[in-house]
Every structure is written in structure tokens, then in C-alpha cells.
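Some structures are shown below for you to check.
Next, two complexes with subunit A in common: one pairs it with subunit B, the other with subunit C.
Take a look at the complex of A and B:
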């Protein structure tokens, strides 16, 4: 199985997990990683910088229609939904929040599932709501690999639990297991 | 999610029965809008297509639901601060300033502009034009009446742009909100004052088919988070159209995460958030 992209959704309690994952991605990682993370409403800037400190790969908040490149980490910009289009470009949207979230994890996962089909890894981390559950289900339906962070390890387990209820996930992983999985793909 | 084929079928039907052409919309974000319309109306794609063919009023409703109407007063305060101290001040010595809000939605940025112009003493010499495809949002824009509770961030944004100067922290004023709008908490209303409401010219316009419908060129065009729904080719056509309708050294203002890609970008000089006509 050769994957073409990884998409990660996270909310409350996911920041340290993401930071640890990004610090351990091998430097030659040659597919894009999409991050769709909820942030506090007023934290519009600084998030990219905070995540960048320990990341081995560059982190980019993409502009609309920007090309998707391998080996880059793309963070959904504040107050936009982020879609991955066929033809390797982003499309952003300011349509209203879905489940109180913009960016919406579900919407990003839907578009990634459509675009990358069985070549996608979808990962849902710690979070206090159900965003991402339908998205991960769609990843699985499209033939991709569905992973959740082990609820026993999560600061807030609502999000991975909701995803597990919505779909039959492939793996329930601790942060370290997620890292070793990503190192092998 | 809807497939490319289902989306193309829908677009072709709409093209046949109306003047609306969605062929060059960004595919996944367009698919998302149609998905939402299907689930809001509890319909399948085949039923949507049948109804769109036979019922012109329903088609109008669908077109309105496709458009995204998110806007705020002074959305992205940093952009407005830059407009104030880096852009609008360049036009101070002109006798007339022409401004076009393309895709103005419910008008909050039109009022943001009018408030800023008034604070800068440029209100009288400005001609402010505003257009949108959706007549429902234009009626709201013309009234200048918004929900208060839902939009409480507006006051923070107002303070940042009107009362603070990010380039000089000692330069602080305290302009009262009531100079520009009245807040009625019991009725949950924020209403723009009449002198603002009476100033702009609002018109229905289709950015793709109609181009510039005003008999003038512009010093400043604001088109924020509108073109993100179009594909790259259509974006390029609109950037060309804006270029033709800007005065030399006129400014184009896009949304916070929009940019101009490809050869058309060489017709503009990028200055931070802004594009200046060469």
C-alpha cells in the first residue's frame, strides 16, 4: 500500500500530541500531511509558529488554490474550511461553521477522502466534540485507512470515541504507535 | 460526497435553463454546497435536478443557497488597519475616490469602509458601489440592520480599527459606537445610522457574466473571500477584469488567505495584503 496523503483532525487535548508527532516525522517523508485542528476563536495567529518549533517538516497555512506539495505539512487556516481538490490544489471556504467549527474536520476529511480515496490515512485525535466522526467514516468508505488515538490516552476522549461509534476503525493507536505507523508508510 | 459526474450533470442542467454558469466553480467546495442543499431539502440529486428544471423560483432559491454569505464588520482588523494607514491615506489629495465592493453580501464591509472614510475625513469625496449576485443579501445590506448578539465581535473589531493605531500605540481615540450605529439589545438589533445607509449604491450583479456595471473605473476594489469559490481559470478572468477597471495604481483587496497565481499576477504589484495595478 502506498499512501498519497495523511489527514489529522484534533481538538481539545490534541496540541501536545500533534507536536510530538510532528517532531518525529522522518525528514524524507514524501507525502503531504493535512492538519485540521480546532482553535480558540481569538487565536488566529501564532498557531503555525507554535507548531513549527519542533516540527521536522515545514508547516504552511495554505492560500486558496495553492499547490499541494509532498513532504509539507498544511494547517487549515483560522476561520476557513480547507478542501483538497483533484489536481493537487487547495480550495478554501468561508461558509458558516459546521458543528460550531471552522475549520470543520468533517469537511476537510470529506474532500480528502474523495480526492485520495484508498491512498489516504485519516487520524482522529483527542477532542471534546464529535467533529471528524463522519469524516473518518467517509475515509473508510472510500477505502482509506482509519485511525483513532487510543481513548485511554486522550485528554478528552469524546472525539475518538464518536469516530469509533461512526465507523469500524482500522487501528486504535497511542501517540507512539501513530508515530511508528507514519514512519513505516 | 457527490461525484464529479453528478456535479457536472447538475451544472449542465442549470446552464440550459438559466443564465447561471457554475462550470468554473471550485469543484469540492461546490460539491459541498450542493450536498448541503440536498440534506437541507431532504432530496436526492435526481429530484433536485428535476425540480430545478421545472421550477424557476426553486432554481433561484438554490442559486442563493449556493452562494456563501459570510461577512463581518471590520473582518480581519489587521487588513482594515493597513487600509487606513497604508492605502486610503494615499487618496487623500484626490477630489474623488471610487470604491467597489464586489460580492458585498450583507454589506458589513461596505459599512466598515464608510465608517473608516468618515473618520479619515474622506466620506464626502467617496463614491461607494457594492454588488452581489444574491438579491436577498443585498436587501439586508441596503437596510444596514444586523443581529446584535450574534455579532458581538463587531465591537472589538471596531475598537481595533477605529480607536487604536497599531503603528503608534500612543495614538488612541475613543469614538463612540453611536456615532455610526445604534444598538438595541431588547430587539437584538445593531442598526447603521442613516447617513451611512443612504450613501452607497447597491446593485445586483453577476461577477462572471456582467463585469463592471458602473460607468467608472475604481481606485479601490474589495473582493474578499468571493473568488475562493471559483477555479483558477475563472479567478484569472476576474483578476483581468478588475485590472481593466482599476485606475493606474488602484488597489485590489482580497481575503486573508487568498492570493493571485499565474501570469496575471505580473500585472499587479503585491504589497502585503494588497495588489496594486501596474
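Take a look at the complex of A and C:
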């Protein structure tokens, strides 16, 4: 299977997991990684910088209609929903929050599933609400690979548990297993 | 939320074709994902199941289109969104660039949050009666919505938090009355605002504009339409005029990039130079 993109959703308790994953992505990783993480909507700066400290690849908060490039990590900006559209571009939106969230993990996952279909890996990490459950289900329905962080390892297990209830996930992985998986694709 | 984006590309094209052929309105320049979601939202609001039913209503009920346009429009998220922008406008940009008799254009107003915010900033600067504001909107129903200046109380929590970050001497509560779970804003704020229907594709743009406030609206168009809108906005502005777009929108790689210089990158504030 040759994947074309990875999308990761996380909320409460996911920051350290994400940081560890980003620190261990091989330098030559040649597909884009999309991060949709719940964040304070009025704090626009600092998050990208905090994630960049240990990341092996550059982290970018995309502008609307910015081109998606391989080997880059894209973080959904504060107070916008982030879509990945056909034609390899981002589209941002200020539609109402979904699951009380803007950016909403469900919406980002849904658009990524539509665009990348079976060439997508979707990963849901620790979090305190059910955002991402329907999104991961859509990844699976589109033929992509659905992964959740092992709830036993999660600081807050609501999000991966909700995703597991919504769809038959392919893998339940610890952070280290997620890293090993990403290194092999 | 149970369903997201179930309309496929063929159904999407059929809806666009029906609207175009029946009403002469071209939506083909919309940004795909957000517009699909807008259509789905309009269908849910009107209890329409299935795109065939939607097309049938759109083509047989002549008046439904106005409601449809209103329902697909995306509300502005909040007042004083990005408080630093409004601070910058109040403390630097407006005092430096806007003089008595200046013209401000706020295109594609939907719910009016940005317009009310602008008027409060101008009021604080004691300039509200010195400038001419034109607010344009796409739909007929929106003209009335904007003139009503009524907002759901549930929005006031975030509006108030934003306002606090804007560091004003004023109190946001002095600008509205709470009644029936709604915030009725002082209509005095928009008394002199010229609110009118306007379509970028067909209508003549206002002229001699000193400042254009156009935030988070371009994101709903494809790149080609963004360029054509920016051409019209550029033509409407005087040299030295100020253009403000959303913090995640920019003029980079647009046809009009060379007509502007950035004067505040983080808040997406530009000055027209030619």
C-alpha cells in the first residue's frame, strides 16, 4: 500500500504524544501529515512553534488555497476548519463549530477521506470528546487505514473509545507502535 | 451531527446547473467542501431529503431561492474576532489613514458581526459620523438581517471575551439590550450605513474607497474567483487605501499582489500602492 497522506486528530492529553511522533518521523518522509488538534481559538500563535521544537519536519499553519507539499506537516489554524481538497490545496472555513470545535477533527478527516480515499492513514489520539469518531469512520469507509491510540495509554480515552465505537478500526496502537507504523509506510 | 458531506460531485453539479438555469446564478466558483456543507445545512434547515427534492424545489418554487441563498450563507463567527486586529485599527490604522469623509466598504456581509464591530471601533474614535460605510450582501433577505442588528445571546459570551481583549474604555453591554435571549444592538450604530444587495460578478463596484474590510469571505471561492474579486476590489480603492482580509487569507500569488504592500502581516492589513 502506498499512502498519499496521514491525518492525525487529537485533543486533551495529545500534545506530548504528537510531540513524540513528530520527533521520530524520518527526515525523508515524503507524504504530507495533517494535524487537526483542538486548541484555544483566540490564541493564534505559539502552538506551531511549540510543536516545531522537536519536529524533524517543518510545521506549517496553511493559508487558504495554499498548495499541499510532500514531507511537510500542516497544522489546522486556530478558529478555522481545515479542508484538504482535490487539486492538492487547502481550503479553510469559518463555518460554525462542529462538536464544539473549530477546527473540527471530523470535518478535516472527512475532507481528507474524500480526497485521498484508500491512500490515507487516519489516527485518533487522546481526547475528551467524540470529535473525530465520524471522521475516522469515513476514512475507513473510503478504504483508508484507521488507527486509534490505545485507550489504556491515553490521558483521556474518550476520543479513541468513541472512534472505536463508531468504526471497526484497523489498529489500536501505543505511541511507539504508531511511530513504527509511520516509519514503515 | 450524523452526516457530513454526502453530496457527491455529480449531484453537486446538478444542483449548480439547476440554480444557474432557473435563476441565472452561478455558484461554480465556490470552494467545494464548504459549499457542499452549506447546501447540506440549507437542506437540513428546510427538511429537504435528497438532492433530487432540493433540485425540484429550486426549479419549481420561484421564491425558495431567496431563502436558499440566506440559508447557504455562512455567518460571521463573532464580534471582535482577532482582537489584535481591531486594536491595531483603532490605535494606528484608522487614525493614520482615514479622514473625515472617507469611504469604507464591507463586502459580503452575512450576519453583521464584523460590521457592528467596525462601527463600535469608529464610535470609540468618535469617527462614526465622519465616514461613509457601504455594506453589501449577496442575498435579498440579508439586507433586512443586517439592518435588524439582532444577534443570539449565545454569541455574546465569545463577543464579550473578545471585547475584553480589545482593551476598550467602553463597555460592550452599553451597545445592546438583552431581550428574549437575543442581543438587540443599538441601531444608531448602523444608521448611516448604506446596506445594499451586491453581486461581484454582475454589479458595478463602489468607487473611491479608502478602506475595504473583507475578512474570511474569499476562502469560500476558488482561486480564479478570488482573483476576479480582488481585481474589482483593487479597482474600487484609491491609491493609499487600506485592504484587510482574514488572518489566513493573503494576496500572495494573486494577480493583485503587486498593487499592495503589507503593512501588518499578522493581521493581513495591506495598503494599495498602485
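In this section, the second predicted complex is superposed on the first by the 183 of 185 C-alpha atoms of A that agree within 3 Å, B and C clash if a C-alpha of one lies under 4 Å from a C-alpha of the other, contacts with A are read in each partner's own complex, and residues count from 1 in each chain.
Here is the rule we go by: a residue touches a chain if its C-beta (ideal position, glycine included) is under 8 Å from a C-beta of that chain, and two chains touch if they have at least 3 such contacts.
Because the structure is a prediction, the values reported are computed rather than measured.
Chemist: Which term applies to subunit B and subunit C once both are placed on subunit A by superposition, clash or fit?
Modeler: Superposition result for subunit B and subunit C: clash.
Chemist: Classify the contacts of A:91 with the two partner chains as first (subunit B alone), second (subunit C alone), both, or neither.
Modeler: both
Chemist: Figure out whether A:83 sits in contact with subunit B (first) or subunit C (second), or with both, or with neither.
Modeler: After superposition on chain A, A:83 lies in contact with both partners, subunit B and subunit C.
Chemist: Between subunit B and subunit C, whom does A:99 touch in the aligned arrangement: first, second, both, or neither?
Modeler: Touch partner of A:99: subunit C, not subunit B.
Chemist: Once chain A of both complexes is superposed, is A:61 in touch with subunit B (first), subunit C (second), both, or neither?
Modeler: both
Chemist: Looking at the overlay, what does A:114 touch: subunit B (first), subunit C (second), both, or neither?
Modeler: In the superposed model, A:114 contacts both subunit B and subunit C.
Chemist: For A:153, decide between first (touching subunit B), second (touching subunit C), both and neither.
Modeler: A:153 contacts neither subunit B nor subunit C.
Chemist: What part of subunit A is shared between its subunit B contacts and its subunit C contacts?
Modeler: Comparing the two interfaces on subunit A, one with subunit B and one with subunit C, the shared residues are 61-65, 77, 79-81, 83, 85-86, 89, 91-96, 107, 110-111, 114, 138.
Chemist: In their complex, what parts of subunit A are in touch with subunit C?
Modeler: 42, 44-45, 61-65, 77, 79-81, 83, 85-86, 89, 91-96, 98-99, 102, 106-107, 110-111, 114, 134-135, 138
Chemist: Residue numbers of subunit A touching subunit B in their complex, please.
Modeler: For this pair, the touching residues of subunit A are 61-66, 77, 79-81, 83-86, 89, 91-96, 107, 110-111, 113-115, 138.
Chemist: If you look only at subunit C, which of its residues touch subunit A in the complex?
Modeler: 1-2, 4-5, 31-34, 37-38, 74-77, 81-83, 161-162, 165, 216, 218-220, 223, 226, 246-250, 252, 266
Chemist: Taking the touch rule as given, give the residues of subunit B at its contact with subunit A in the complex, in rising order.
Modeler: Contact set of subunit B toward subunit A: 1, 4, 26-29, 31-33, 36, 68, 70, 225, 227-229, 231-232, 235, 255-259, 261.
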